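Look at the two complexes coming up: subunit A is in both, with subunit B in one and subunit C in the other.
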Partner chain A sequence: MDKIFSNKKAVCVFILPALILFIAIVFIPVFMSGYYSLLDWDGIGKGKFIGLQNYKELFFSKNSSFWPAARNSFLYAAVSIFIQLPISLLLALVLANGVKFEGFYRCVFFIPVIISSVVIGQLWMKIYNTDYGLLNTILRKMGLDNCCRMWLGDKNTVLGATFVPMLWQYTGYHMLLMYGAIKGISPEIYEAAKIDGSGSVKTAFKITIPLIRPMLRVCLTFSLIGSLKIFDLVYVLTNGGPAGASEVPATLMYKTIFLRNRYGLGSAMAVFIVIECLLFTVAIQKIFPKDDE
Partner chain B sequence: MKRFVKVCGIIFASLILFGGAAIAKEKKAKQTTLKVWSIWSADSESNKAPFLKTIEEYKKSHPEVKIELTMTEAEAYKTKIRTAVAANDAPDVFYYNAGGILKSFVDAKKVLPISDYMSKENMSRIVDGTLSNMTFNGKVYQLPYTLACSVMFVNTELFDKYNVKIPETWNELLKAVKTFKDAGITPMALGGKDRWTTCMYTDLIMLRAAGYDECDKAFYKKTGANFQSAGMKLAAEKFEELIKAGAFPKDTIAITRDESEVPFYAGRIPMYVNGNWTAANCQAASSAVKGKIKAVRFPTIEGGKGNINDFMGGAAEGFCVSSKTKQKEKAVELCAYLAENHSRNAYMAGAGMPTWKMNVDDSKIDPLIKSIVDLTSKASNFLLWGNTALEGNDSETMMDIVSEMLAGDITSTQFCSKFQEILK
Partner chain C sequence: MENKTAKKITPSKIIIQIILLIWAVINLFPIYWLASFSLKNNTEIFGENIIGLPRHWIFSNYKAALVGGKVGLYLMNSLLVTGITVALTLVFGITAAYALTRMKWKGQKAIMLLFLTGLMIPIHSALLPLFISMSKLSLLNTYLALIIPYTAFGFPMAIMIISGFITSIPKELEESACIDGASIYRTVYSIIVPMLLPAITTVAIFTFIQYWNELLFAQVFINSENLKTLTAGIQAMYGQYQTDWGSIGAALMIATLPTLAIYLCMSGQVQKSFIVGAVKG
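Entry: the complex of A and B
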């Protein structure tokens, strides 16, 4: 193994394909977007260089719909971190502790992850339908008629309504990551804890969670970044509606570029999303430093 | 190391071989293939069957040409075609809107000036006046296939059942709305999520309140355009009045056009303002409302400057040829064929009104479509829909403003002032 790692030539050759792909598909487009964001361009004709004016319009224009969209994406991030991750953690702890049909539950919780977001969006759109949707029908059958809402049509409920499919989809993913990490903990530690008289809750808090901290950090990063750049679910469910109530930066960017023909402004939004994700990732690294154990 | 180099060499060689074979195959196929993109992917689209028929007719008469047809839903199509055109990967012939929307392609030289490639004799078969929104700098960049207009479709059975007069004035409309609402029926269908559907209503309300001249100036941003004139303010107030009277479904802002039309086609909603293509669906063999729908002109507004014979519509869409096509003559020929023959097939199916001169057996035309043709024959003016006349960014702003009003987020004064911003 050491022989391969120390052979610099071999290392270069093996990394090269992935590096080329990474540069071509990720790096270069990001820099191109950065360049386009400095233009006044409709995406089809010729662009005019206008410097940072797009950013000025994005952040400071009083008509800008960007801040409400950014605020929505922060709400998604908060819900992801403070509701989805604890649920995933709880499920992972319960499953790793050993329940009947553990393998079956693992499968079932992971299924939403592999279903396409578009399918999930369509599914929940039908569940939320005001007239024949499952949710309203159940509420009516239970006699809670006045709880029925236009879930995706009322700007007061639309954000909350879109949180649910998003949480539902990726809970299984984070659960599986944490479950894997928990299973990697040596059972001797658990035996020692049991001998010392620690109950399962105490074990979970004092032993399991601290030991899977690196994985928790990974999940936190994925969860945060994923919800900041969420697009497909929101696009299918509400397309940012009604009248922009559930708009997120990614859907706003999509509309700005393709429907409003303002490629420059849309690119500025894209660059903002990239930088925002980078900053948050660095922040997470700082707040949860890598353990030296 | 030697073995390693050998293995790499084999991998690279096979990649090149397969890659080369794929490119060669593609090049061969390109010689006799024309790509056509259009909307009307759903079976519920009244234009789909006639268009597929047109394509089949072309294939029969031109067996040496292979057609690759792709159909996409209208809203998603906008993004798809713009991306393809921007990437210089556009299909040879494609559907597109006219007016301001087409202008952005013309300015960027992405569409072929068809008039340069077509004979005068062929061009003369096009009905006069239908090329006005497709001609820029004296050249024609698109060929029309339909003369569209929006009318109010009323379910005569429901009107008779509740003893309501089919409205010809705004007050009569409000009375009808109230009667139906009190009877527990949603008065007017509207799929607000798609936004252009809402514009169908606001365009006509503006036309009736502010009149043709003012609307023409405003929608084309000509000198003297004013979205805060007395007429426009009246239009905003009337639209707000209609919303507050509960005319539209309560979840209108969240349902698409297709979803909103289901109760109308099932005979549960008495009124619907939309394009004349709706007639074909009303009169389909399996339709529950066949024979029960009447097309009437949108009511006048008391105090408004508009005329009941002003129509929204015109030749607002057609087929274009990409300027990057490798077979200019063949593509133009296909484009003209599609435009002319679909014009006839769609008319026969009741999905449109023809824009090419043709001899069609009138008795075969569905009576509902014929009645719309009769209404428009007395038209005093045709005005292109606001969201087609306005260009990209402004078009989106218009659709957003009417949606905000529909959702109850803005007042009529804000409606006008937001529209006024478009003119800046």
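Entry: the complex of A and C
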């Protein structure tokens, strides 16, 4: 039997296609990006090796547009952690507690998750449209004409206006994850709490939330990492505008590479995004260790 | 007792229902609005009837998008690219997961770890290197320019989910099949694969929706108008159709309907896929 399960030829046939593809497409490019980031290269001809110059330009150049972009991504992260996750948690707690039409609500709240960011972005551009958009139309119907704005064209409102579709898109996902975790808690624990006379708010804080900590950690990681590497929605909604007010590292990287042809500098940004994501994933694991380990 | 408390209508229950209902409306209304303006003409969209149901149902918007705007072509491209990606991810994902969990060979733990780390690598890091390599290999502007990267980036999740499932299958069946003289390939194909159906559904749904909606690679690796997938194609349409909301709305609806249909037909399965996909990652 062991002979069959350690048949070298079969192992190769089974693992090699996936392994070769994975190493060539996912793994090696990370190191290639690392190498490119040390070059002064416009994509045509040969790149010139310039050491850490690109990183120096990225981090220390006075008029670098990189820090504002990084700041915006952290802002998105903060808002999604402190606004989106609490809303998701509240919805999950309420739904899992057993309400009428539970299945219907769960189904509806998840719909935005399966829609493409391109569709969501274009739809919200129409919602924000100054003249015929849903938002300004509703505001006008309510007599709040002076609240109407060029939501995506004004640097004071653009960050908020891009955040709302993100919230709209992902709240349902986090809600579903938390809901699933809550439903996984054994009912006996709740019965015991009920017998002890614990009210539903107290039960939520004392029992449910501590018990779903591992899932909350997953959601926290998703919100943080998702915001740091966000591209689609910002690209579609504003492409970083107006005047860079909603720029994020990924859109800046895209422009630096494909519009300004600065392959080295763009790669430095890619490397920054990768390292930043890895560091924060590890940091969350260290700060919120798994209880069962 | 349990039933009685559940049926009693209390003020707090009404408040909860109102909150949930408002949130449901927030979720659905933009989609309703999109569906409604995809069926309106410009006079209604730009003034007469911005919010209400269409007074005249203009199905020609869909015809304009599908034929005039090439959305029909994008749709076929998306179906082809995503379909092949899902198939390849499954075939190679299943065999790899089997080798990694059931078979015994040197270095299997390290390889498993390698795939696991892949879950943390964002696609951004591969964008430029793949662009350059594929341009050298003349792969840009072919379906393969999307299928290959999508499949490779889909492996970690697929292998993770399928491995977890294989471990839960008892070994006896494979052993008796081997004793009966079946080759290992036959055993995997006719014994393991049928038992993996739930995991296969999960991976298929997750991979399909993920790459159906992918934009960055789709935008960079394909230039040719005729090979674009829905996301990149619709994104490119935007400038040209800026004032034709009806047609662009129809295009957006066409891009959404396939995933929406999958979701509405099997919402439980889709939700499960996304939970498993998140937790494994």
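Keep in mind that, in the parts below, the second predicted complex is superposed on the first by the 266 of 293 C-alpha atoms of A that agree within 3 Å, B and C clash if a C-alpha of one lies under 4 Å from a C-alpha of the other, contacts with A are read in each partner's own complex, and residues count from 1 in each chain.
As a working rule, a contact is a pair of C-beta atoms (placed from the backbone, for glycine too) under 8 Å apart; a residue touches a chain by one contact, two chains touch by 3 or more.
As the structure is a computational prediction, the values presented were derived from the model and not from experiment.
More residues of subunit A are in touch with C than with the other of subunit B and subunit C. By the touch criterion defined above, A:T137 lies against subunit C but remains apart from subunit B after alignment on the C-alpha atoms of chain A. Of the two partner chains, subunit B and subunit C are each touched by A:F258. When the shared chain is aligned, subunit C comes close enough to touch A:V108, but subunit B does not. Of the two partner chains, neither subunit B nor subunit C is touched by A:L52. Once the two complexes are overlaid on the shared chain, A:C147 sits clear of subunit B and of subunit C alike. When the shared chain is aligned, no partner comes close enough to touch A:I189: not subunit B, not subunit C. Contacts of A:I83 after superposition on the shared chain: neither subunit B nor subunit C is touched.
In the superposition on chain A, A:I15 contacts subunit C only, with no contact to subunit B. Applying the stated touch rule to the two superposed structures, the overlap between the subunit B and subunit C interfaces on subunit A comprises residues 43, 131, 254, 258. Residues of subunit A touching subunit B in their complex: 42-46, 63, 130-131, 150, 152-153, 155, 238-239, 241-244, 254-255, 258-262.
Taken together, the subunit A residues at the contact with subunit C in this complex read 1-2, 4-8, 10-11, 13-15, 17-19, 21-30, 32-33, 36, 43, 91, 94-95, 98-101, 104-119, 122-124, 126-127, 131-132, 134, 137-138, 168, 172-173, 176-177, 180, 215, 218, 222, 225, 229, 231-232, 235-236, 250, 253-254, 257-258, 263, 266-267, 270-271, 273-274, 277-278, 281.
Within the complex, the subunit B residues that touch subunit A are 78-79, 82-83, 85-86, 104-105, 107-108, 110, 192-193, 250-255, 391-393, 396, 400, 403-404, 406-407, 409, 421.
For subunit C in complex with subunit A, the touching residues are 6, 13, 16-17, 19-20, 23-24, 26-28, 30-31, 33-34, 37, 45-47, 50-51, 92-93, 95-96, 98-100, 102-105, 111, 114-115, 118, 120-122, 124-130, 132, 148-149, 151-153, 155-156, 159, 175, 178-179, 184-185, 188, 209, 212-213, 215-216, 220, 230-231, 234-235, 238, 245, 248-249, 252, 255-256, 259-260, 262-263, 267, 270-271, 274-275, 278-279.
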